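Below are structures written as structure tokens.
In the two assemblies presented below, chain A is common to both, partnered first by chain B and then by chain C.
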Partner chain A sequence: MNDVVGSVSRRAFLKTGATLGGGIMAAGMPLSQAIWAAEGKVLTARANQDVDKLDPAFYLGAVNSEVMSCIYSKLIRYKPGSEWSWELEAAEKIEQVDPTHIRFQLKKGIKFSNDYGELTVRDVKFSFERVIRLDSPSNFDWGPLDHVEVEDDYTGVIVFKTPFAPAWTLALPYGAGHIVSEDAVMKAAKDGGPFGMTPTAFSGPYVFADWKPNQHVLLTRNPEWSGPKPGFDEIRILPIGDIKTAERAYQAGDIDFTHISVDSLANFKSNSPADTTIEEKPSIGIVYVGMNIDHPKLKDINVRKAIQWAINVPQILDAAYAGQMEVATGSLARGLIGYRDKALVPPEGDLAKAKESLEKAGVSDFTVTVDCLNQSEFLTIAQVLQAQLSQIGVTAEINAQDSGSFYTIGMESEGDRWKDMQLIVQSFSNVPEPYYFSATYTRDQIGKWNWERFSSERFDELNAKAITIDDPNERAKLYREMQDLMEDSGAYRYLTNGASPFMYRTTRMQPATRPDGVPHYVAFKPV
Partner chain B sequence: MLLYLIKRVVLAIAIVVVAVTLLFLMIRALPGDPAAVLLGPRATPEMKAQLHEQMGLDKPFVVQLAAFFGGLLNGDLGFDVFSRRPVADIVFEQLPYTIELILVSILWAVSVAVPLGCYSAMRRNSVIDQVVGVVAVATMAIPSFVVAVYALLIFAVMLGWLPAIGAGNGLWDRLIHLILPSLAIGISWVGYVSRLVRASMLEILGETHIRMARSFGISEWRIVARYALPLAILPTVTILGVGIAWLLSSAVFIEVVFARPGIGALIVNAVNTRNYPIVMGTVLVTTFLIVAATTISDLINGALDPRTREKL
Partner chain C sequence: MASLEAIHTEANAGQGHGSFRTVLRQLRKNRLGTLGVVLVLFIAVSAIFAPLIITHDPTRIMVGPRLADPSLNFLLGTDQLGRDTFSRVIMGGRIPLLVAFVSLGSSLAVGLVLGLLAGFGPRWLDNLLLLIFDTIRSFPGIIFALAVIALLGPSLTSVILVIAITSMPIYARVVRTQTEALRSSEYIAAERSMGAGTNRILAVHVLPNVIGPLLILVSMDVPAVIAVEAGLSFLGMGVRPPTPDWGAILNDGYSYIHESVWLVIAGGIPITLATLGFTFLGEALRDIFDPKLRKDL
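The block that comes next holds the complex of A and B.
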């Protein structure tokens, strides 16, 4: 019976159904690609959300950036593999001339689609300066960019007001580094302003052929593309918010590449779908327990230290992630500049030290609140935290909230809720540049995104200095000290940097991802 | 009948206005700022202020509400500043997917449930009636998302017969993509409607005009179809009208489980990101749908049974 059932493919089932049940009707209907489509070099992959902005000056989130990297060129891009580095893309060569100047030479013959001509330094200048001119959220990526000098059509110089090391790890190879056509954007949007989801010219190997909101993004080969031919004729990216649904969709054969949840990882490893490879990559995000330093209950550093020491991180990770996550040593994940070998407080904590700290503070048997997102992993973290704190006589009350409410708890601009915030299970995604993390915890961010209200003059000094240093080893020292300062304030207990496991069908592709598992579709190869 | 129709339509408009106003109040009472959620951690206060201004959030609440209803009179649901598209375009782009899901679910459920209910009533207390009764109660007790997950595992993952996600392209493909989601939503309605039809039918079958029809020697099936069912179906029509609200809430889960586009998924995303223009647009449209469905079911009832018109 199993053999019979197993031998009935979806295509056969649907064909039979159509013939028997609605053959006459179906004869006059457009038949689905899913049923009778010819097999081509098509890559079907899952994205965790839909695209919403394909404008490099206003992009937010990884999915927009993944699609933009297929349809626009950048001077350099992250190199696929297991170590963070970059490789040339639209640039023939590029070099740091001095601390504030980067000279580049463009490859010749890169053309924009729709007859917008060749990509020249004029377009590079327009694209990069536009981010600053429009005062978009992406201008953080470009830091102290001043302007781009045009030497000729193919040679230019990026000029910064002050040295800016993140240019190489954030601005150039990521979202805000994509190059758009000046002519096309000026035509599409008033004064070259935001054009949202209506890009009109493409400089990458693919064009944005079709978008059905909440259904799919369709990328097809750019006929004007003169660079190395990408492997797939067509890329279909399906937005599937729920990761479990994505796993089922993969098993059903609807997609060929998807990230999987950490709690499903063990199951898939022991019982993987046919022709499937599962790869585990470390994520570069951070999940931590934060404490509001300005709250009367947590003002005393000894109370905060007590909570730090009472938290047993491996226990939490076992419960929330089935033990599949590595313990974080700090905000910066392994492989990033500034990664620490170990945290100041050992992962297991120490209840004796926790109780000792509470005695020093002269408090006992008090109640704290724990705010978290209403998602199972964060609720589990909060519940284990609740149990662990009870061991030192601290009662924790959990306030789970939806994302709209949660992401404004600590903001002074949103009322007085920040005053009541005490403990928080916080989670941030990250980019492979430590400046992105450190800028959140400076004093000018207190009440904005620095919800723990951590305040350190030394931290701010180091943050400002670190972006001006070229030498990665020297930079790393500063970022390590910054994380030490944060942890030593007692306001942070790092849990995990996360994991980014994914699976793909080996009969369809050889994928290419960044070290953190983010797909680099252009470099995927069909099998 | 015309007066009844006018009364129903006026009442429906009043309900929409009150419901939308209440929802507007409730949504604004929730903590959260769309600028914070959607502009991300790198947004400056100036950028947030600009977004607030674009969304009209810098104006007093009453002005915002008046602007919303004022726009409505001109057929304008507002503008989504994030995607830079009219809200009406976004909502009406997603709406057909939800409507087709609900309609197909109702259609298959009713076409199975009504004959089942009639048969159970005709063979009251028979083995088949009892089996149908047990199965009906069981299907009513199972939440639609549980059916969805199992249906997906069996028919999409294990057997590979049907697609797991999406809505499909072209008529045939869209129908194929509707099988599992509509099964999940409709199955509990089969149980519910069949029990309802059975109970009504039993009541009607005991009435004088039915006994008289039997005395004339008319066949039992003809009596059921011609004389009993038109009356027995009335409570079902009413319930289906009210059930649109329930079906819409089921659609929210189902659209997530099957990664289908639709109004449910749109509402969830918009509420989470406090995207007020989209929330208001979707709420208005869904409220309108629910009120329209109940009004239509009342009008059908009024047409089938003139006594109900006098109650308004």
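The block that comes next holds the complex of A and C.
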């Protein structure tokens, strides 16, 4: 060994290094890819935040769900394409027997990795009942689930206490619908409790091979997967919070699929990177300004109303999105059940009314804080908001925060920071089910997801009633009234439902996304 | 025993390195030093008289179109909020200079006092202060900065505090070493024998001898502080929006570089000029006041 080391002179070492470096440069390969270099077909994509919980009973947000959909099976899933619908995944057959019963039959031969055996109805029962059994912030996904009946290894019946329309649009095809191995979870976590980022058995086409916080998630093929072979051998997901940074990463060749900002869209269209296709999809998310009703400065509804009226939404959208975004009329985007034609407060607001409200409240020249993510889009929104509030004598101090800190501000379980939260520039992804939004603003969600601490008995009644109704028109009426109640509380000023443009390298892939542009990695095809 | 005349010659040895005119003459001979003086004066004057120089309100949004190219109305174009970049760059120069002078000034003052105490005080105090200095120095600077800012929130005060705390031990250690060397010198012993008190010895004989090298050290640190302040603002951990700041302008430019390169140029050039100016000036001052140090380096 010493001989080998001894025989390598400093000059030879430098020469070899230079040759290797030169070779990489000559091949035109970005350094990051050279470091990553691996055999096989590799999909490298950007996520807007890091994964933090790969436990279906405790998942939070879209990114966790995107990764879970690669490593676990669900009975059904959203169908990629331009229309919202679902398709079978682990279920061979599934049907609504009556308003409170759904019967399903599993496909045979779906195996859990690490010798945890075949996926059976026992695992389905364990997975779904676990969501409501544990005190999870996501347990509203399963609403009034009572239990799952096991008829045999492959046939089961999901039983609800009351009719639950969102079962088909939220519970079954999304995060809490993923199926885990009962044996594996009972072994990994006491009483089958949360297992966070250490899943031990996989039932999807990929396995969770590696995770470096804030650096990457690596998924590799599941050797025991018996379903259709996925296109890529490896999926690498890089968490890049700032969308502008993601654009630079794409241009540098570090990633091959990313969403892009709306204000960059025109530029990328006229001057797109080589071998790149840009697609535009309508987003169903929501960006809004929220106010903490329980904060002493905002307790008076007249103060909140003043802030609502002072906000000129088109001005904010002009600055943050180059005027390319449509003004939101409520939490629910166009095309979703419950979409409102217009908001109660006109988009342009009214400074005279804002000042009048402040006079009613008997306050003037006060300071509020605005919490937002430390990302260009949200900082721009916060700065325009700051300028608009100054017109009514309100000084706004911006607290830009990283995602880890930001996404826990309003949670009582994470300390007392919720008490200091005043205004917040908030954004939420959504699913094509209005209950997904409404369930987060009920009174029992105060301090969990309901950070504005909005509290309305009528809202809760409507929320409970809406999930029992099948008729979309009847449901829509209730959800419209719910949004009216929220806006009338003064705690919300809706900005935009957003848009979801993305770009990808045509020499690498043919992507598959939901109608709102959310990637469905399992269905991506290599080129 | 040395004669009183010799003692006083020795005591005054470090107190002056020539008149202000001599310093200026020597600076003029040093081309980089002259360039440094010009750059520093240019930046300082533009920062002091910024309100008279700016052409628009630097925080007012939509005074022009978004991301406009430079024109007669907007000399460096506009940013993503339609704010005048020239006015933001000029006003933005006040922040790094303020941070540099306040943070280095306060760390210099505290470092000087603690260094004198450590070097001239009892052994136990010296050991205790050294332990404190080394403890502070043992934290990686950037991690310490992130921790303090996470605790206090991003603000100008946090940035100043971080820089002051992390710089202080260096100055204190330099002062302590010099003081300890002077403490056992003959002229201090002579002063003592003539009945001079500790305060007089420190103020009249020790302080003038340690302040020179310390000022050179501080002047060399200014560019580093400017870079740190800009870096923290670039990361969104410096001053709060909408206060104009070079690091924040650079960050905006990075975000919108695909749409316009002017923001990156406008944010980057002043940082480069300021750091170069202070570096050249600091090196020139070091050469003038301490040519021996230059040889050692």
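Worth a mention:
Just so it is clear, the second predicted complex is superposed on the first by the 324 of 527 C-alpha atoms of A that agree within 3 Å, B and C clash if a C-alpha of one lies under 4 Å from a C-alpha of the other, contacts with A are read in each partner's own complex, and residues count from 1 in each chain.
The rule is simple: a residue touches a chain if its C-beta (ideal position, glycine included) is under 8 Å from a C-beta of that chain, and two chains touch if they have at least 3 such contacts.
Not measured: the values here are computed from a predicted model.
Judged by the touch definition given at the top, the superposed model places A:T155 against neither chain B nor chain C.
By the touch criterion defined above, A:S85 reaches neither chain B nor chain C. Contacts of A:F268 after superposition on the shared chain: chain C is touched, whereas chain B is not. In the superposition on chain A, A:N399 contacts chain C only, with no contact to chain B. Shared-chain residue A:M197: touches chain B; no touch with chain C.
Contacts of A:R248 after superposition on the shared chain: both chain B and chain C are touched.
Once the two complexes are overlaid on the shared chain, A:W449 sits against chain B while remaining clear of chain C. Considering which of chain B and chain C touches more of chain A, the answer is B. In the superposition on chain A, contact is made by A:N374 with chain C only, not with chain B. By the touch criterion stated above, A:A387 is placed in contact with chain C alone, chain B being left untouched.
When both complexes are aligned on chain A by C-alpha atoms, chain A residues 242, 245, 248, 251, 405 touch chain B in the first and chain C in the second.
Across the interface of their complex, chain B is touched by residues 5, 8-10, 13-14, 18, 22, 26, 29-35, 52-53, 60, 135-138, 140, 194, 196-197, 212-216, 238-242, 245-246, 248-249, 251-255, 401-405, 407-409, 411, 413-415, 417, 428, 440, 448-449 of chain A. Contact residues of chain C toward chain A in the complex are 59-62, 66, 80-82, 150, 153-154, 236, 240-242, 252, 254-259. Listing the residues of chain A that touch chain C in their complex gives 242, 244-245, 247-248, 251, 263-264, 267-268, 315, 318-319, 322, 374, 376, 379-380, 382-384, 386-387, 397-400, 405.
Note for the complex: chain B touches chain A at residues 30-34, 36-48, 82-85, 90, 93-94, 152-153, 156-157, 159-173, 176, 256-262, 265-266, 269, 271-274.
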